[in-house]
């Protein structure tokens, strides 16, 4: 499943080079993950609050191709690129219209509150598989 | 007691107007509060972690006079402007050299973890009074 | 005219108190201004890029009533509270459902690129007056 | 040359998981680059303002090992890992005491204001080589 969200660039997200600050793409990836889960019927917030789980970030990367600036509408396209016992990876592409701005990947581990890796919950695994 | 800290402006803190984004002054005020307490021998972190307290923000304001940009070294000058049973207020002045950039104020309430107001701890009150 | 926008709280906007960091309300106010103008048919981006104008922030304040956390949907309700020759003020109320989270105000001056105050453009003034 | 800076974690940099938000490591890398250059006698700000250059980010990555939280003092250790005609790469290690928090890398291209790649200035190249 490829999931898409649209975001409008905030003034705060730009820097004095006139473009979106590079760290903010990781913020957009985070929003994309939340909405990816929501599209599968999973509320990440409830995984935290009800199930005491955490989706820790183990790795993040981003290749920057073209800049975005204030008031641009960008699309973040998200896929699951890997799923294992307790870990999963997302890949992202960020577009402004047809122009590719950036491509990235984040890897995560499901843990309990104490930070110990746990099996990905069956509900999450099934929702992802059937997507 | 007037307490001073120095900060160097981060690239990330600027926006496409070329200057520090207005919301970041509130971040600087937060750092100034932490260091104000530290100068009094109080670790705000321990108030949270050991004493289960929270210093909630009730109000914040800032008047902007002159902009700062990347790599500027700014000074934040902090005072306690009011102290009551469970609340206290800080006032701030931000300078770049002799140039006044901004002046602000934040008001806070000490609460427990559940968000209920509590008396300011005696240790904190004494440290502030004797300063 | 009262204008409303909805925002979903980003994980990044929370802090270790579990709630939205106080400085982020100023970011939401900024988004609300952009969308307020858009609703009047004014693109603030074009005021900057085509007309060489800047809407400098002269003052900002916020009273915090109740916290928001990750994944909450908040509404920011925006009004123009004052308009003069070269300055104007916005007032804001932030809600989560019926619960008032915060109320704020920002004051601004229209300037040219060099930071010199200029008359509010007629188009902007008319759009605001007729709203 | 390995260059080290120390940073104290800001409250704003934490998220509701109680730890530093993953995107903020890229902010710390940016500060580390500025200070790396300064240690070589190069003011990145002047490269922008006097020489009209930009150090665009082409790629960024970070592996997260262990979390940091508010008020921790972290050390960012920076090296140049590659230097070519118009591009260069930095590698970073972030520690809290002896504990490795994260390791990352960023790749950059020197461009002019229009975003066209340019040769790394001789002064920068020499300063890096002799370091």
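First chain written, first letter: the chains are A, B, C and D, and each begins at residue 1.
In this section, a contact is a pair of C-beta atoms (placed from the backbone, for glycine too) under 8 Å apart; a residue touches a chain by one contact, two chains touch by 3 or more.
This one's a predicted model, so the numbers in the text were calculated from it and none came from an experiment.
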Counting only C-alpha atoms to place each centre, which chain is farthest from chain D? C
A-B versus A-D: which has more C-beta pairs touching? A-D
Euclidean distance of C-alpha centroids - chain A vs chain B, Å: 33
Averaging C-alpha coordinates per chain, one finds the centres of chain A and chain C separated by a number of Å equal to 27
Between chain D and chain A, distance of the C-alpha-averaged centres to the nearest whole Å: 23
Within chain B, the set of residues that touch 2 or more other chains is 11-12, 17, 23, 27, 30, 70
Which of the residues in chain D come into contact with chain B in the complex? 8, 10-12, 27, 30-31, 34, 43-45, 70-71
Residues of chain D touching chain C in the complex: 11-12, 14-19, 21, 23, 69-70
Okay, in this complex, where on chain B does chain C touch? 17, 22-24, 26-27, 30, 54, 56-64, 67, 115
